[in-house]
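There are two complexes below, and they share chain A, which is joined by chain B in the first and by chain C in the second.
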Partner chain A sequence: MAENFDVVATYKTLLLTSPELSMPVAAIQSLVELIKHSKATTMSEFMLSIKDASQQLKSSVRNSISLSAGCDLFLRFVTRNSQDVADFESWKRTLIVRGQSFVEKADACRYKIADLGVPFIKDGSVILIHAHSRVVSLLLQKAAENHKRFKVFVTESSQTQGGIQSAKVLRAAGIPTTIILDAAVGYVIDKVDMVLVGAEGVVENGGLINQIGSYQMAIVAKATNKPFYAVAESYKFVRLFPLNQYDLPTYNADTLSFQELNVDYDENAPNADGSLGTVTGKTRSLASDSPLTATSQAALHMKVSEDRASQGSNPLVDYTPPNYITLLFTDLGVLTPSGVSDELIKLYL
Partner chain B sequence: MDPKKKTVGFAPDNDVNTADLASPGSSNNSSTVGSPVSALGNTPDIGTHSVTFSATTAEPRTINAAGSRSSYEPMKSSYEEQWGLTDRTSSSSSSAGKAHKLASPREGSGFPNSNKDQAAGSNKKDTKGKRNSASSPGNPGTSSTGKESGSGKASGLCIQPNVGASSKDSPQSGGTASAGSTGPGSAGGKPDGSQKPSAPSQKSMTKAERRELQEKQKAEKAARVSAGLPASGKKAAQIVSQPNSGFSPNPSKSLATSFPGVEAEKAIAAAESTSQAKRRERLTKEIGLFAHLDPPKFANTASAPKDLHPAVVNVGLQMAQFKICGANARCVATLNAFRKAIQDYQTPPNNTLSRHMQTYLNPHISYLVTCRPMAVSMGNAIRYLKYEIGKNLELPDEDARSLFLEKIDNFIRDRITMADQVITSLGLQKIQDGDVILTYARSSVVEGLLLAAHAKGIKFKVIVVDSRPRFEGKQLLRALANAGVPCTYVLLTAIGHVMREVSKVILGAHSLLSNGALYSRAGTAVVAMSAHERKIPVIVCCETYKFSDRVQLDSFVQNEIGNPDELVNDQYNNYGHSSTRYHDSVRGSSSSTAAATNGTKGSGGVLSDWKELRDLKLLNLLYDLTPSEFVTVVITEVGLIPCTSVPVILREFLPMMQQ
Partner chain C sequence: MSKNNELVDDLVAKLKRRQLVGSSTVSQATLKLLIVVISKSNWTTCNQLVTIVKTVGQRLVQANPTELAVGNIVRRVLHVIREEFHEAESTISHKNQASTSEFHAAPLTTSSSMYNLLGETGSTPDKNLQFPSSLRSNIIQEIREIKDELENIYDNIKNQASLQIHSNEIIMTIGRSKTVEEFLKMAAVKRKFQVLVAESAPSYSGQEMALELSKAGIETTVIPDSAVFAVMSRVNKVILGTHAVLANGGLVAISGTHMMAAAAKHHSIPVVVCTGLYKLSPLYPYDEDTFNVQFNPDSVLGFEEGDLIDKVTVTNPYYDYVSPEFVNLFITNQGGHPPSYLYRLIVENYDPNDHSFDL
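== the complex of A and B ==
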């Protein structure tokens, strides 16, 4: 048992120390570390500790989708190999070895994907990408290395500012890059030849879970008949089947819930305008029209800043259904969305 | 136009004089002339014709002919004509019915076609002409036998030129007359044109004759009234032709009228080439597009081999009567019956159980197929059983017996019972508070899922969509209502209305095909498509044992035809019947006889006599196919998968299950 081993802390230090590491790989690596430190003597105890740890990991971060992909994959890997265990200690050692080799290979995944994806980038094309994705950046860098000439629009992605990071990386690679507003996707789409996005997770039907804004990009791309490619390592495949945005594990009752309108007006509005007895949404609109606009606007401002503060209610990821995705570039090959399900079934059944 | 019709109508009439059959023939003819035209896409014309005819002539027999047909018929005939389902040649009676039915409303509504005016004008002439012909001395020479006249009618029905042809049979007198008269009418007052079509029609006419024989009896009833009419072939023809010439300018004006004649020729050719098949079709009441499907089957033990196990016989009968219904229920019932059969099985001398088992089961299986086409689920289960039998040929008898029994039990447990439980638990993840779930007909898995969701305390509403003729959704509704689930019950016709508030659609499946298509109760496709239209997720619950390696692109290639009587013989149809009678009586006192006959005929519902109606065929398809893009997710016992993954499951997973 890993009494004094903190899997979450390990995970976080791993991510901090090596920024190139993606979340699922970091999760797998910290689980391998856990096995190394494990003092479990029986199989079931061992399994329990791993399950515990992966649960801890999943609950430690707000957006657990890609992390849980890694955890599930490792769990599956462990359970699949647990049938033919002769010697517990030696089995543990093989698990560690295999886990580490997986982590090492994970890096190679991206290069393989980059190689597969480069031929899709045509000379002189304009590419729209979303926020920051290591694998997408790598693919574009590779293409530039292969003397492809292309330009990139990258969305700012206001929540994480990932676009700015992308732009830095790409400009460093000598790729002309323009940062656009998230709201400008429709504006630039006519000039764009293809859309490339990364993925937090690829779900069972070949749909995509990615940083918020991907879905609307996909819709715009579909509407203008531009190819929409997703780039994802196969360890990001998750056994989820969301039916719509509200069927994601990250969704909860707070997500984009309507704040109670009268929180701040309880004091302001009735004081400002005594005739308004009850405080409701109606009060609010009336108040803003009343001569005492200043007060109510101040209240509104307070409201907005409060919203900013409670940004937790804004979703971080969205779900892009498979029918909007042209192809997925993965280390298993270039797949159609339905091919993902094929691979997942092979993996998990 | 009218003259033609009139002539057509009358040429046979003349014949009728000698043969009692004529009167229906005449009435039919007149309307018939219209009908082929309609088939050729000139409906307004027909309408006018018929209008004129019915309104002006108002002959009892005409009405009779019309009245005896149900209001439903006209639609049917036009539908079938449109799709090429009916013989052109045989559309007589129905078209006649149509003409009459539609007559009054059409009159009211102004036709785009100029014919209407003509018709109105010609109406009088028509009657006149008729009278003329009537008064004119009958020419017995031309009068053909009753059969002939009938044939004339039939051919007339199919295509106007035919009418001419029919009369031509009796060469000069009646023949020419009718031909001449028809021609102008059909070809828009061009006598020449009329002659041409008549030539090809001769062949079809003889066929028509034969058909007419069948119709004879029916015709005779109505014929009495008309028997008194004097019919002279030549004179009538001449007389008739005169009005024609008088009207020729008018018809020729409208292009539409001239076209039908030309197209009629083509139609004749087409009709001839397929007439053989069509004839068979009509005799069996089977529909051309679906001739490859088994006709509906009925419970019948007469043809069953004698040494069948009673349990299997029982199950077969219950399935034939739809007492056991639904893919799961049928599969379990079959397997249990086989289980009993294997239990009671006595190995014949010089044989071993496992070696003889297959031969023993085969007649049982084929008996079940004779009761009702095998469900995919049953097929898969039986295939599994056969596979197990074939795998264990060397086992001693008692071991083999217990092994097979165990395998059957395991199959039911693993692939059906447990699978349903897993599907239920997976499905529960997809039902949230506040959901409005729409489901169609009844599926045992969906019922289980909804009840489980309710038991779990999820607050949701269910809309049960149902359809004729089986109303299977009522069972589900009863179960849900008993459990206290808030429910709404609508028929498929209201789907567009209720779909607005739906948040999820959950459907059952008869089978999932290898291309991801969903094969399920007829009507499912409509539900899935209308949900897809609104981007509402469509969830299908299906055990993997219902997966099929078949690929099907539409609902026609493979389907099951249910008992067509279900469509027409139920209490709700009496409504339509009474309204029909009302219209008949309104039409005028002259139609009183018609109404009377009609009344006696339709005692058991307006279409209870549909088998007597020559041109009416009913289609009761039991299943339909929903293409994969309309299904969001399939919940199986191996997880939630897109329906395009069916072949992956078949390839990767099922071999594993078989071990």
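== the complex of A and C ==
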């Protein structure tokens, strides 16, 4: 094992020191650091330590999807090259060099995507984007540099407030930007010419895992026949095949479960029908016509939302099935969702 | 070299004046020109030859950007060139017994582009590599194979006719497409079926199509374009020709095609598109009007109608863009493919570096 080397701490400091770094790239960089510190003398010990470290990384964060994409890509690379090793030390050195050059190239990926995506932005169009994605922002900045005139609606995305960050970046680039409520997607869609979202991960069937709210945007876009484009670097392709929202690794029993409302409303507002209280015990659904006053109901809502926030039971990401995605802009080119499966199969077969 | 330039100028002029139109005609002319260019010009390295071909390609494409087949053929040729050089390179380096065996990546490296993020990319070829003199003839040989493919395209497509058309079916089509014409004629050898042809105003090419089909003994009915929806409920299959197929599976086809495809979708009638692979372009429909042409509006509203002409704007767009969700199946010279599979054919036939001709 790599003694005294904390891969998780390395990962966290990397992300802190360079906020422009995306999670998969930081993960690969941490693994490269691990190799540098590795004192393993045999192949199997070495492989074990890398696998172990990537497992640690994955379990260290709440939402590991894009992180695991990086880890898996690097692991795949190491295993595939482990067959014909003549000199262990020099092989390790090569791995380090390759890893580092990947980190350097990762930035170039975004520029390539931006170049590919710019022609899709029509002069005079209105674009709806979601939350904050570095690659989407870069694409729009590039388009603005190319003298395209367009306006942007960005959803606030209340969980992370990413929309506000996006708006700052875009306004600085001279793009007229309006922040809208997450609930206003349907309201603005008629004014919108295309929807553009980033990605946490792109899954095997060409679907998309992204910040919560992307799925509903995709549904609204489909219903109104607007193109829905996803923008993602190819190192975000993950080997997952979710069939629905609840197949994601970030889902657990707590996510939006109904166990809440161990409400003490019995004390605040005495129940007219005493028997009901005993039947349902301490839980009671909000939908039932409760005798609560408007104010206490609001207080209850407040409590519920506080509860949920503290429990972290609200999902951070959702899954958009491939049939809602028009095209994906990646550094491998502009792909249809089925093109993504092809790339993943080529890598892992 | 100057002889080459003359030939290029000649083709450029013909494309500009629209003396050469139609995917099949222009692609054959392009291929013929490229064979001459490659065999007559001086080059020693891959980059040199690619630059020569790209420069010619750029001029041809600019001469008439809506003839997408020109660009496709140039890309096919470039792909062949790259492959031949690659092959020659690997045989040479095998002979030299790769001296620096620092890292032997698995053979998959070249095919998996994700893997390339970590692996070696764009290994700079040895500048001093001496290519055998047979390389030039090998490349020409490969290009001649593309030429053969172009010549046999109708045969390969029409051989699938009896699989698609069944007895007593009612088929609908629009415009005049040589591919569809051959396809239906071939089906008529074995099967008895009825064809409805939309007249395709204002060019009325549908009427010519109907004439050709009836000459071949097929029971043919001409309908006005406006009746397409009305009769669609009785149709079993819509068979379309196209001017070009775009990378997402969308079509650039004669105007009226979108309407017919939409009517078919409304009635859940399968839409089959017959096309040669040379019409498959790696470009995307950035904008629905990108690949359209406005024709002389005289056939829509003649100049004799002077009173009216003053008061209205008359346009005559020649093509429609049909998005991929309207198409169920593409019949190409390599078999039948759903629209979602087309990206695969693009990967097989074109090099991603050649999608644009910028040097």
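Just so we're on the same page, the second predicted complex is superposed on the first by the 306 of 349 C-alpha atoms of A that agree within 3 Å, B and C clash if a C-alpha of one lies under 4 Å from a C-alpha of the other, contacts with A are read in each partner's own complex, and residues count from 1 in each chain.
As a convention for this text, contacts are C-beta pairs under 8 Å (C-beta built on N, C-alpha and C of every residue); 3 or more make two chains touch, one makes a residue touch a chain.
This structure is a prediction, so every number in the text was calculated from the model and none was measured.
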Simultaneous placement of chain C and chain B on chain A, clash or fit: fit
Which superposed partner A:Ser338 touches (first chain B, second chain C, both, neither): both
Which of chain B and chain C A:Phe74 touches, first, second, both or neither: second
First, second, both or neither for A:Phe153, with chain B first and chain C second: neither
Partner chain in contact with A:Phe241 - chain B first, chain C second, else both or neither: first
Geometry of the superposed three-chain model: angle at chain A (Cα centres of chain B and chain C, steps of 10 degrees): 50
Which superposed partner A:Lys346 touches (first chain B, second chain C, both, neither): both
First (chain B), second (chain C), both or neither touched by A:Tyr319: neither
Superposed model, chain A: greater residue contact from chain B or chain C: C
First (chain B), second (chain C), both or neither touched by A:Glu204: first
Which superposed partner A:Lys122 touches (first chain B, second chain C, both, neither): second
Shortest span in Å between Cα atoms of chain B and of chain C, once chain A is used as the common reference: 6
Where chain A meets both chain C and chain B, residue numbers: 338, 342, 346
Contacting residues of chain C [partner chain A, same complex]: 101-106, 108, 111-115, 117-119, 121, 247-249, 284, 286-287, 340-341, 343-344, 347, 352, 355
Interfacial residue positions of chain B with respect to chain A in the complex: 430, 504, 537, 539, 629, 632-633, 638-642, 644-645, 648-649, 652-653, 656
Chain A residues touching chain B - in the complex, by the definition given at the top: 204-206, 239, 241, 243-244, 247, 322-323, 338, 341-342, 345-346, 348-349
Touching residues (chain side chain A, partner chain C) in the complex: 73-74, 76-77, 80-81, 83-84, 86, 90, 94, 98-99, 102, 105-106, 109, 119-120, 122, 234-235, 237, 326-327, 332-339, 342-344, 346-347
